[in-house]
Structures are given as structure tokens and as C-alpha cells.
């Protein structure tokens, strides 16, 4: 099926996520959609698949304009979208998930559905157990299930939004093979990514979005020179490669020390961890989603007590003391979901500073507002001291969260510190974190973005299937080597070498 | 031995309104909506059902009116929480109190007035089968209905495509929306259907089990049903088992007066509810991560049966229970 | 500081009312009832008694507040209800529950110009009541004996169940009377030994069902039936006993019931009703209203019995017994014989030896219990299953 | 300018519409009984002010009601639905009885103080059990609270029918009356114990100050809004949660104590009389804003007291006051939904 959009516009309040887009995608091909964070890729895909409705413009399927009132309409018209995190029902089995609210007449019986599923899985090369519960599967497997569900429900156009974040290299290869097969059968595939290599490997055409516009107007045939695409995505400055700056060695005692720590979380076992995390370093945790980074961060933040072993902070044994004790010892934890876990949306920045006051019966409101004003100036937060945090933009929320870190902090644990931020905000955040590092903090962060890890880490720790690798100095690592390690290639050797 | 069967049959009968209401609540909670107004709804429906049956002389009309009342209260809850986005807990609680007082006020003329009752209807032939006949076939239609509604609910939830949608609504409404289903409309439908069952359960009190109407006639039954649904882990058969356990405990409480001559047995009647909460707490404690970690340190031969038992007992709430759904 | 009459004042013959020449002003009397006026039991009997006064005494007005109890009106106390009635002009207040003793006395002390009748109380007897309070109660012991006899005559299983309210001297003496009547007729007319008669009491904890506070009488009655008791005698204000017996009978069992308090109570289940012992408050209330109006009030503790020449005479007999449709003609004849024996004094069931449950003596061999002993019954009698002391 | 005026108009019309809707529903119920709604409203709305005695009855109801509502405004700020407030009141009443029965000969002033302390402790303990059930056994505070309510009324029944029963009978009408000199001093013929409203107002002032001015209050609000984030910012979230429950329980316990020494002068099974649940309605309507608690508590108490005359004068049930109260809260919830 051939799909196109004309003058499509979608605004979110002041943000114009898609600004009079006009572009079309031909059948039987794989179309890449590129763009930096916030360029409007996901918005366009959601419009195409009926999740949201455009403010202006129209969507055309096979030359007929369509009004999509919901994802059901889109699927009925033959368009299905695989979300970044598959929108399935974790408590269901694969088969139940397939049957749930399937369009009428698609599956005549459970048995028919199972047969069709197994047949398709065989054709696409996806291994699948129809009776397995989805919450027991990896993200990659769930994505495969979701693709098959959409195809079986009659999708002629398959949209995938950043499908390769969070799946293994092997799964990515299987996915690409399947997508080629799907396109070869005459269907249309829209492949959203900001990874140039993947687009180059897979796609027949590419569409680059920037600030809600298609640049240059219309599709480009692949291949295209990489530098050209980068300049389209980021403008001229964005393509500049990061400069690696060697660090002076600091002889400070470790902020954290793990001794023979064993911990578990769900199916994941972390066994016999022995690590020292030195002050004055930025340590990046690399690994696929669910490889153990989060457990490690929770252990270091005191949110989870180890089953065995000891956790020391600044030389003091704080095993099982709870996150408040860790915090008092100078450990600061910055969660990825800022509004959900990080700050209190209904309270203002001044209220947050008041919360940090530790002495006195009464709130010293004047002092809190003073501190808030200082933070606003210093961190360039676009807000007043009394604006509720919830009404700040994501980047400003992140800056506010950083501003709230007391100067006494010795260790900062940051989960995806630039999640959802644009490049400029991300740079600003990182310069702050680097300043903290230079003051002698140890900063440990996790990120799904390998570029970010390569760019900002002094040392990198690779997590693979619950195993935590040794810290590798950034200088010894190349991007391709890191990618291999994350996928498990050479991981054993790495661990053994260090032992 | 005969006494045992008679007592068991009495338990099955006594639990019938609880079972009907609990299945209704299970349906709406499975779809992600807590109907906390249950206690008030049951009272208002019991009163209305009785009043209508009395004035029209028609039992069926009484039950229909009660179902209508239950559905209407559920619809109000839906309007305020699903459409207007208020907390289900707050609205449900206020409705519970409001309906209770409404039932007292409007029901005043009907207090302790003799009225119609569901007739005893043993099932020919089957009623005379020993034991089974006593247990299952010597009752009235309301009680038969309570027997049938359990497998019906279980089948609906686990055996039909509709059931897949219902369960998905409570687990992940966004996924249901992604499949082209109108989440809010379906939640309304299940909430209202569940409310109608709750209404019928109210009438089962006033027209059958505790004939007539009096102030706070169904004392606390609604709150008990809410607790039983949690206790039953939102699974129809287990929920029903909870209802029967509760009814059995109540009979024990009544009987205990002769057995415990020195204890004021009025206090025993609060026991079933307290026991329910207590057992729920124990089950939750047993399946807590700390307890699981403790279990993991035991020898293998112990681990397996223990984990099996805990998993069977564990009651996992629908993931999206009580949470509002907003279209993207 | 008035000395109470230790001996019950016999009800004087109705004074001849020489058609008073249109009383100067309307006389308002009020009543505070513990339950609803239409409960088909104790409260309805009082309400009808008041209606009797309105019908038979010209120029009186009746006002009332019913359901004065912690379940129905959680924030209303007796004193408060009495205040309201006095505020509306009531000159005589009747309170109808033993529970109201303290409240009645408090209100009476605060309003010495208003007359009070505390029905079923004994604070005049104990000397704790202010002088404007009288106590009034009927000798329901006789009604209960007749009820027990009717039950014993009819039971097939030999198992009688008594749906008890709360435990106090009054309820104990009524249970005991029922048992004595039942035992006598079981032995005399059925020719069976007392040991073969099962008699069980379950107390619900109050005069009627308060959800969550008392046992639920519906459930208790059901439980009696499931345990095989085939006559349910009610001691509570409401009619759950007969309702459940009727339901069970429709479900193919044979269960009989003896309701209580109110002459019309059989209406809740004609087919299973063996009869009802009832109070007829009208004549006594009429007498006392007239007394109060005439200003001839003095404190008294009264315990009025039936008019033995016709216990069902609506104008003279405080205690009556209406036979129910379920009582067979043969048993009805035996019951009449029993009543006649009570009436002519040839049978006094409070004759010793009578023993309490724990074996202590209630009435020694060869003696007859006096009123005070009966009024302050300490325990249930031996042979009764159930709690004796609270 | 214009938009400001529009906003103001909107902010006024919505509560007004809620008021109208609540009265419409209540009027409908009244009409169905055939009485004149106007007459009924006259009694319900103003009946409590018609005589000094009724006014004092209203104050004696408003005092425990305000105490409960004030307590609940703390738990609401902490993000908890403390349906267990009824049980906490009962537990407080029972605990308050203990010193009164143990040492009836001690000086009354000391005994009242002891009763207040032990009532507060009893209520707080009862509330903490809810916190423990929620924290350690993952039972939501709503059901834990309901369970504890049942347990408390069972305990009250046990005390009334068991150890503290009247000499000759076991009646659910309550224990023997306390000796006269242990009744909280009462204005003659009015049943008004001035200490009760004074205690309630004092509690209101203290709680308002604690919630808005102190660091503790800020932390409680932070925990109520987002426990995870508050914990990350160094607030001991569970501790604050437990403290709010204990504070609410203590205030409810004092309300229970007042019911014993100032209203019933005995322990009765239904000592809480639904005041706790009514307090929840008050707190919901006031949106836990301390400034609104007093007027709403007084209004609700006067509805309840005023409605007592309905059965007397109009022959209809007094539960209409509850209908009006419930409807007001229900429609107020909706009015808010629109404002947001």
C-alpha cells in the first residue's frame, strides 16, 4: 500500500511537532525516517497510525484521503505501528495477546490463530511459543510478537518506531531479515531511527525530519553520504565529532566499594560483585535494557539491599542501611523519570529547596526562595521560584533536579540523565555534571545511547545478562568494540583479562 | 453427617447475594474500575427492589428495578470518574454513604412491612438425590442463579474473546486502545453490568435471604464483598470460595453461643471480616520479596512446594486497577 | 424520696368516666419508643396502646418519637427525644424500654412538672427514680407459659428454640416461664419425660436487630431450623422468627413459630403461627393518662396481670394470648385446659423445687416464689441450653 | 481584565451549580415523600439554631466531627484515605474509659487529662496498625481501615457485654453511667460542655499551623503528592505516613474520649456514631483545606441535629440530612473536575 501525507500539522501547545509535512511512501519498500531527538518522527508515525489526530492537513492511503479516528481505523485500513515499547498486555500469553480485540473475522478459532501465528513465525524466522506469557519474554521477542500480530491482523504498512533500542544484536539481525521479507511480499515498511548505519543497511529511501519539517522537502533515495545526512539531521554543528579529553589521575579514596555483593531482581542474578568506584570520575554503564545496570544503580543508591556481601560508601559500611542513610552519606540518585520519581510536580523549586532544609521546626521560606533564585540564575532554568515543577519543560526539570543536588554530594547516580532532552539541553546538563566531577564527585550514569556513553565517560562498565564487567578506560575503547561487548561478543575474555 | 450437608447447603444459600455481588465487582475491577460504592448500592437496590415488588406484586419487576438502581449508581460513578476524571476512590466512597442514607430515607415507609418473597423451588427428581440434592437442588431461583453465575463469569473472563478485552482493560488499557477499542465506553459497559449484578444482589437480600426491608438491611455486605474480591485475587472461582468461607464463618459465629457460654458472641460476628483482612495480609506477607528471598535460601525440596503454594495464593491486582485512562 | 410500693399495685377497676364536659385544654402525651411503631412487636403494641387512649379519652393528643436507639438514631439520646416531646407540649411521657431508665430519670428530674411512665423498668422499686416517674409492666410470665405450652404440645422433634433478646432479669424470667410452661405440657399432655425436651436460647444482644451490633435474628432463626428445632419462640421485638419459620415451611420443612408482644403478629406467617402472647397496654395507659390529667399522680411500680376471666378482653386484660391457625383443634383444647388451671390458681409453675442452670436453688421444695424473686431472676433454669449470665 | 472577570465568574458559578445540583437531588427525594421541601429545609438548615438546647447539641456534635475532619485533613495531605477513622474513634473511647474505670476516685481534672492522653494513644495505636498493614502486608489503607473498624466495634461490644457490663444485665445500650463528677463540666440544662469545642478549635489551629508553616507539614505534603520523589529528596516517607496516621488517630481518639466524658457518659457500642465517616465527607468537601473545615463541620453538624425534628414534625426520616451532605460532596467533586 502506498501512503502519503499532505500539509500535515500537529501542535502540542506551543510546540509545532509536525509543521505542514508533505511526503509519500511507496509500497514494497523500506523507508527510513531519520531525525534528532524531538524532530517529530514519532508524532508523524502516530498520526499515520491513528493514535493521534492532525490539526491540519490530510493522510492519503492509496490515493484516497482517510480520516483516522483511532488506531482501530488505521489497522482496518491496513496500517499498523510497533511502538518503542510494544503496546501489548504483559499478563497475557502470546496467543491471548494475538486474539485480544482482533478485527472481526480474522481468526476463526484459537487453533486457527495458533496455526497462522506459527506459520508466519516460520516464514519470518522468529522463534515463538504461543503459550508463553509476554512478561517472561525480552523486549525483542515482544516486538516480534507485536509485528506478527499486526501482520496477521492485516497490516499492509508496518511502522516501527526506534525498534533497535533495547534488543540484542542477534535480534536486530533477525528483525532486519524479517523486514526485508515483509517488504519483498509487497508491504510498506517505515523504519524510524536516529542510527545512520541501520538506515544505510536496511532502507531503500530516507526521509529526514528536523524541527517538524522534512529537510530537504521530500524523500531521498538511499544510499546517501553519512556526513550529508548528519548535517541534515543536526544542522552544520551537530556533525562535529566529540573530542576526547584525557583526565588527570586523581588519588582519592573510592566513593563506593562493593565487596562480594550478590543481588537478584526478578530473573536476573548479580553474583559476587567486587568493585571500587573512584572519586573524580564519570563512569558510564553500557548494556542492553535489563542487563543489570538498574540493579547496580539501586544497590549503589541503597534502594536495594544485597542478598550477601557489603556496600561501603566513603569507607563506611552501609549495607542494608536504606536509601536515606546513603543520601546522608552523600549519595544522590537522579531517576530517569523525573516527574514520576524525581521531583514533586505540584511543588515549586522553592518548596523543593525548603524540603532540603534539615534544621528547624519551621520552614525558612525566605532562604528557600533565595536558593531557588540562585539556582535559576546559575543553571539557567526558565522558571520562577514559585512555578510548579510540573509546568517546566523536560530540560528545565532536569536542570532543576541537578540544581537540587547538595554541594556535599560525593557520588551521583544518574539514570539516563539526558533522556528526552534536545542536544543543547543535553550539552548543558553534561557540562554541569562534568563540573561536579571536577569538584571530586564520582558520577555513574546509565544510558541506552552508546554515543553519549562514548562521549562523556571516563570509564565504561559493560553489563551483559546480569554480569557486570570491569571499568574500561574510555581511551581503550572504540564505538564498534563497545557495541560488540554489549552484545556479549568478547565479554568473557574481557572479564577474564581483568581477573 | 446429614447435619453437615444441611449446614453446607445453608452456607451455599447464605452466600448467594455475596456471590452475585462479588461477580459483579470482579467484572468491573477486571476492567480496571473499582466500584467502592458497593455497600450503598446494595442497600439502595435492596430497598428499591423490595418496594417495587411490594407495590406491584411482581418479583421480577423488583429484581429489574434493583438491577436498574445498581446500574444507575455505577453509571454515576463512571460519569464522575471515567469521564470527569475524579478519583474512583473518592467518588465511590461518597456514593456509598449517599446511597446508604438515600435508602434509609426513601425506604422508611417500607421498614418491616411484610412483603413478597422468592418462592422455594426444588428441582424435581434432582432434589431427591442424596447429598447432591440437598446441597444444590433444594433452593430457590436466586440461589440457583448464584451457582450459575460463577462458571458464567469464569467462562466470560477466560473462555471468550470478550473476556480477553475485559482483562486487557484492567491490565493495559493503552494496548486495548491501540487495538481500536474505545476504552472508556467499554469500561462504562462493564462497570454498569457489574453494578446491575450488585443491584440484583441487593434484591436477593430483601426479596429472598433476609426478606423485607429495614434500616441498613444488608449491614456491611458491600464492604465485605470488596474485601472478598481482593482476597479471591480477582479470579471468579476463588472469589466465590471466599464468599462461601465468609458465610460459613458467620454460621460458626451464630452457633458459638452455646459452645462458648462465657463469651458475648455478638463480637464473633465481626470476626469474618477481620479474618479476611488478616488472611489477605498473611498471603501478601508470604509473597513479599523479603519472604521470597527467605524461601530462596531453603533447601531445594522445600522451595518448590512452598513457591508453588505462595504463587497459588498470591493475588495480583489488575495492573491498571483504579488508574484513569487518557487517550493520547 | 417517696417509698416505692413493694407490692404491685393491682389495676383498679376503670373509674367511671362521667363524660367530662369538654376539657378546658387539650392534654398532650408523648411516647419515646425504642423501635419503629410498625415492627409487628413490642413497639407496635405500645403504639396501639396509645391509639387506644386517643380513641377512648376525649381531648387528648398523642405525639411520639420512635426508633430511639444507637443504630437508628446514632446521635439522639433519650433525654433529647424527651426534650423534643416536652417542647411540643407533652405533659406525660411514656418511655418503653428498659434501656431508657437512666435517660428517663434524668429528664424527669429536669422536668418535675411532667409525668413519666417508664414501661418495663424498676427504678421506682429500687428507689432511684424521681417522684414524677411511675413504672409499668405486664405479667407476661403467664403469656409465656401459655406460649411454651403451645410449643410443647405441637413439637414433633421435641426441640424448642427461643430467639432471645439481651440478657437481663426480665428476659431470663420470660425464658424461664416459657420453659416451665413447655415442660409442664410436655410431661402432662405429651406424657414424655422432661429430659427428652430440648430447649435452647440464643441471645441476639438487643431487643431487635441492630446491624453489626447484634447477631442477625434472621440468621439465628435459620440456624435453629437447620439444627432441627421445629418451634421457634420469639423473645425479641420483631418478627424474624415467624418469617423464617414460614419460609422454611414453604420450603418443605415443618417449623412452627410463636411470635411475641403484639396481637397481630401472626399475620407474618399464619400457616406456622401457634399463637402469640401479647401486651395490651391500652387500658393501663388510659387509666394513667386520666390520673395524670386529674393531677392524682403518685410514684408506683405496677406489674399488671391478665384478666383471668377473659384474657383477651381488650378493655381489661393487660396480657393476652391469641391462638394461631397452626395450632390443631385438639391441642387448642388442651391449651384451654392449661389456661384454665392457671386462671383458677390450681397450677402455679413457680412452685419449688426449681433449680438454676448451675444447680443452685431458685425456689426451694414446697415453696412458691414471690414477686420479687421472680422479678429478679438470676439465671436460666436447669434444663435450658444457653447463656444465663451475660 | 475581561478574562479575569470571566475566570472569577467561572470559579463562582461552578460551586454554585454544585450547590444547586445537590439541593435538586435532595428536593427530589423530599418530594417523593409528599412533604413540603421548604418546610423540611427550614428544619434541616436552621433547626439546630432554633433553641439553645439544640444549638448546644449541634456544638457537641460539631466538636468531635471537627476533630475527626482535622485529623483526616492531615492524612489527606499525606495522600491516605483513612477510612479507619471510625475505628480509631472507638479505640480512643475504649482507651479513655480505662483510667475512668480504674481510678474513679482520683481528682476529675487529672482523670480527664489521663483519659484524653489514653484516648489519643489508643486512637494513634489503632491508626498505626493500619500503617503497618499497608507497609508490611501490602493491604491498602482503605481495606485495612475497614477491617480495623470492624475489629474496634467488636472490641467495644466485648467491653460493653463482657468486662464492663452493667451489674444485672448485658445490654447493648452501654456500660453503667460514669459517676456524675467525672462528666465533663456541662452548662446547666444545655448539655453543652464548653471544653469540647475549645479542644476541637485548638486542634484545628495547631494542625493548620503544622501543615502550612512547619517543615514537617511540607514534608507530609511532599509525601502525599509523590512518596517516591519525596524519599529521593531525603524525606523519610514511611515515617511521615505513619506520623500522619498516628496524628489523625490521636485526634479521632480524643473525639472518642469526648463522646465518653462529655456526651454519652458511658461506653456504648456505637460510640463513634458515624461521626468519623461524616468527618471524611467534611474533609473531602473542604479539600483538606483547614480554613474550610470549621464552617463545613458546623454546617454538617447542624444539618444532622436539625434533621432530628423531621420525623417529629413532618413524619419523614431524618436520613435526608445524610443525603444532602453526600450530594454536596459528590457534586463539589465534579465542580472541581471542571475548574481544573
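For clarity, chains are labelled A, B, C and D in written order, and residue numbers in each chain start from 1.
Here is the rule we use: a residue touches a chain if its C-beta (ideal position, glycine included) is under 8 Å from a C-beta of that chain, and two chains touch if they have at least 3 such contacts.
This is a predicted model, so every value here is computed, not measured.
When chain centres are taken as C-alpha averages, the shortest distance to the whole-protein C-alpha average belongs to B.
Distances between chain centres, each the mean of the C-alpha atoms, put A farthest from subunit D.
When the C-beta pairs in contact are tallied for B-D and for B-C, the bigger tally goes to B-D. Separation between the centroids of subunit B and subunit D, computed from CA atoms only, is 29 Å.
For the pair subunit B and subunit C, the distance between C-alpha centroids works out to 40 Å. Note on chain placement: the centre of subunit A and the centre of subunit D lie 49 Å apart, centres being C-alpha means. With centres set at the average Cα position, the gap from subunit A to subunit C is 80 Å. Shown for subunit D are the residues in touch with two or more other chains, namely 153, 157, 161-162, 170, 172.
In subunit B, 220, 264, 266, 269-270 are the positions where the chain touches two or more neighbouring chains simultaneously. Chain pairs that touch one another are A-B, A-D, B-C, B-D, C-D.
In the complex of the two chains, the subunit B residues touching subunit C come out as 3, 6-7, 10, 14, 111-114, 117, 119-120, 122, 138, 140, 209-212, 214-220, 250-251, 253-255, 257-258, 261-262, 264-266, 269-270. By the touch criterion given at the top, residues 51, 53, 57, 61, 153, 157, 161-162, 165, 168-173, 177, 189, 191, 263-264, 268-270, 273-275, 304-305, 308-309, 311-312, 318 of subunit D touch subunit C in their complex.
Every residue of subunit C that touches subunit B in the complex is listed here, in rising order: 36, 38-40, 67, 71-72, 200, 202-205, 209, 211-216, 218-220, 222-223, 226-228, 238-239, 243, 247, 250-252, 267-268, 385-388, 390. For subunit D in complex with subunit B, the touching residues are 29, 32-33, 81, 83, 133, 136-139, 142-144, 146-147, 150-151, 153-155, 157-158, 161-162, 170, 172, 277, 280-281, 284, 316-317, 319-323, 325-327, 329-330, 333-334, 336-338, 340. Residues of subunit A touching subunit D in their complex: 323-324, 327-328, 333, 335, 340-347, 351-352, 354-358, 360-363, 404.
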